[in-house]
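Lettered A, B, C, D, E and F in written order, each chain numbered from 1.
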Amino acid sequence: MTIMEMFELGTARRSRGRTVTEADIVLHAGQSGDFYPHHMDAEFAKTLPGGQRIAHGTLILSIAVGLLAGEVDENAVSYGYDRVRFVKPVHIGDTITSRSAITATRPYPKRPDEFGIVEETVEVRNQRGEIVLAFVHCYLVSTHSKERQQ
Amino acid sequence: MTIMEMFELGTARRSRGRTVTEADIVLHAGQSGDFYPHHMDAEFAKTLPGGQRIAHGTLILSIAVGLLAGEVDENAVSYGYDRVRFVKPVHIGDTITSRSAITATRPYPKRPDEFGIVEETVEVRNQRGEIVLAFVHCYLVSTHSKERQQ
Amino acid sequence: MTIMEMFELGTARRSRGRTVTEADIVLHAGQSGDFYPHHMDAEFAKTLPGGQRIAHGTLILSIAVGLLAGEVDENAVSYGYDRVRFVKPVHIGDTITSRSAITATRPYPKRPDEFGIVEETVEVRNQRGEIVLAFVHCYLVSTHSKERQQ
Amino acid sequence: MTIMEMFELGTARRSRGRTVTEADIVLHAGQSGDFYPHHMDAEFAKTLPGGQRIAHGTLILSIAVGLLAGEVDENAVSYGYDRVRFVKPVHIGDTITSRSAITATRPYPKRPDEFGIVEETVEVRNQRGEIVLAFVHCYLVSTHSKERQQ
Amino acid sequence: MTIMEMFELGTARRSRGRTVTEADIVLHAGQSGDFYPHHMDAEFAKTLPGGQRIAHGTLILSIAVGLLAGEVDENAVSYGYDRVRFVKPVHIGDTITSRSAITATRPYPKRPDEFGIVEETVEVRNQRGEIVLAFVHCYLVSTHSKERQQ
Amino acid sequence: MTIMEMFELGTARRSRGRTVTEADIVLHAGQSGDFYPHHMDAEFAKTLPGGQRIAHGTLILSIAVGLLAGEVDENAVSYGYDRVRFVKPVHIGDTITSRSAITATRPYPKRPDEFGIVEETVEVRNQRGEIVLAFVHCYLVSTHSKERQQ
């Protein structure tokens, strides 16, 4: 079976929503080690456009990927991301949702008989419907599918 | 001043090391909501190449970005990432280090008089010197530098 | 000594109060893996009766048990819970308190000479005095008490 | 539609596995406030049967419930638990899996035309197939099903 | 009543034990923002005396104070610490215990009729009985004791 | 080289700001095991001067030390603290900043040829410029400086 046969272009998914909290930002600073005042200093943040602390880009990306994690084919492994763009800041209390569609499939150049690359384009929107983050999630997929009992 | 004058191509940085722990994976599953058995089920992980749980890609990216966070020009905001590639798995107990170099600068197309794009290419290596992650971190930089008192 | 001699029926305890925070809910979602929108999506929660996110039942039970943890006889091990009932939702900012009383003691059927079962009925109330959770905590108690130096 | 028509007796589910880590115990002590030496003191734990620290019962219950959280009908709300029994201790590094089956359905006595009670019996096993926890999860289900777009 | 009458010199306390885990160090780095390689880089730590990562001083102090927190008179507020000395490093897996004694009481100079200072000298030992931390915890105590119902 | 030559008296540092959040207090209670109602019970806290929950002293000390952690000479190890004084309560939402100056240097009595003691006096202020915490951080410094490549 070819990668084109396994994944149909245009197949779309939409995640649940998730509210980004102050606790998420505090935990992400602790995990990433990034304590920039944009994220962690409410006084400094008053001087920014928007006047509030901004969630880390890597936090929003991590949540956005996780929101779609439950439903992916387990034969696919995460290969990388392309064109990750932080379009608008996410503030404390914003609720984000991920939507995606399969936008490209192609053989994996190094081992085209065994693996394919699937590109899933993801848009992350806030509760006002504004895109805050967009990226392409690249999966490496075995074309020798193995059934895995859950 | 132009963006080319502000950032010299080739300027390199090297971060401290950081050991990726089981606690980091547990916290990242909790933050991202991604509880895939590759990350969270040691029994399942015995069936993977390597035979161990694998750190989330977004965890390694978050740490890698954070390791370099202390030293960036505060006039630069994170704009996005390009060509993020998870080259090798990171296991519990691996110690990673980020190295980077400025690899491109160019005017920001939409407002070329005010902003420039700076591309910093980042390589993340484990304790054996193997590259585990590579990506390009894109910054948007104001060319009207503002001194900001810390 | 029999179990009836060790635990007097009616012996009552009252815990300190503890405010349930947004951070508690975020951490509990991360620990349990339950990211239901009732707990984690403030926009969705506007459509619920009460109009707010609701703490996980297992979070409230965990805190309620913990609030009484400091004072139990160390010879007793937690054996289980009966009739756990989530009577009212707990919202962010509610402060809960556990009260309990010993309501039953009986020999442990499998080894009646060595162990007894003690039932402690627990009521958890919010700051308005409303019961939010009720349950019976069952302990298995050795009737050969061992002094344990702390 | 009656509750009997909505839920078929015997319908079974099986969760992914999840390894219980030292970090989970540390986080659960912090969340519950239960720092009993059985959970938090490795030296004391050498004197216990098994010779190791034991995960909190409320931690195992929280994970066990969460492991099944992704798949439940959203019209059902968690109503309580019955006959929660901690059958065997769970140690650091054990991997647990939840299996369940619908074992009873009945009208909700207070408002039998609108709600039903569904009992899902859950067994939690470790990587050796031993039952470590068993309980009945009671849901309150609206018999006026509302479609909810995800 | 004077402060001397309220607190008897020599009154001693001994806490439970608590094992310091890798998760504690990871969480404390995240809370304090101190990601020094002594705490967070297992490869670097091989070059230290002891050859292992070392717990943050503020982590050990925080745990040591917390281990005694359950039992203090609620009329006393923490006023400060004197002569905090990190005598020996604490490594992952070490189990620490706090012991203390009241070593001084005196009127509070600014308002001697209302408040007194109580000094509690604390020694923290590891599982080998070695002192790892010593300090004096100073409390400010109201001499107009208020009964507070718990 | 003597310790006096290495550290110039009066050398001052000023940290970034950091907002103390409810999540920080919840995490610190979990880490320290100190769930005193002053920190964790918003209802009780209404009876305190200020009417709000108060951050743990050890939390503020941990953050204050961490805020200065990035910039210290790596040849210096933390030796202890003197005269730690919690001058004013820190509430949820307060933003703190650490300022310090080298106020004393002296040979280390036990091995004066090899080590010196450096005292750095630290003041922690909130967003209104009020001192909330003051202490002296004592470092033990090798006078045989070793260059360490980062």
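Just so we're on the same page, contacts are C-beta pairs under 8 Å (C-beta built on N, C-alpha and C of every residue); 3 or more make two chains touch, one makes a residue touch a chain.
Since the model is a prediction, treat every value here as computed from it, not as a measurement.
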Farthest chain (mean CA position) relative to chain B: C
Proportion of interface numbers common to chain E and chain F (over half same, under half different): same
Most widely separated chain from chain E, with each centre as the mean of CA atoms: A
Reference interface A-E: repeating pair among C-F, D-F or A-C with over half of contacts shared: D-F
Whole-Å gap separating chain B and chain D, where each centre is the average of the chain's CA atoms: 37
Rounded Å distance, chain A centre to chain B centre (Cα mean): 15
Approximate Å spacing (C-alpha centroids) for the pair chain B, chain C: 43
Residue numbers of chain B (touch at least two other chains): 16, 18, 21-24, 26-27, 31, 33, 35
Chain D contact footprint on chain C (complex, rising order): 18, 24, 27-28, 31-36, 38, 56-59, 61-63, 65-67, 69, 74, 77-86, 135
Parts of chain E lying in touch with chain A, wherever the complex brings them together: 27, 29-31, 33, 35
Of chain C, residues touching chain A in the complex: 21-23, 26-27, 35, 37, 40-44, 53
Partner chain E, residues of chain B touching it in the complex: 16-19, 21-24, 26-27, 93, 95, 127
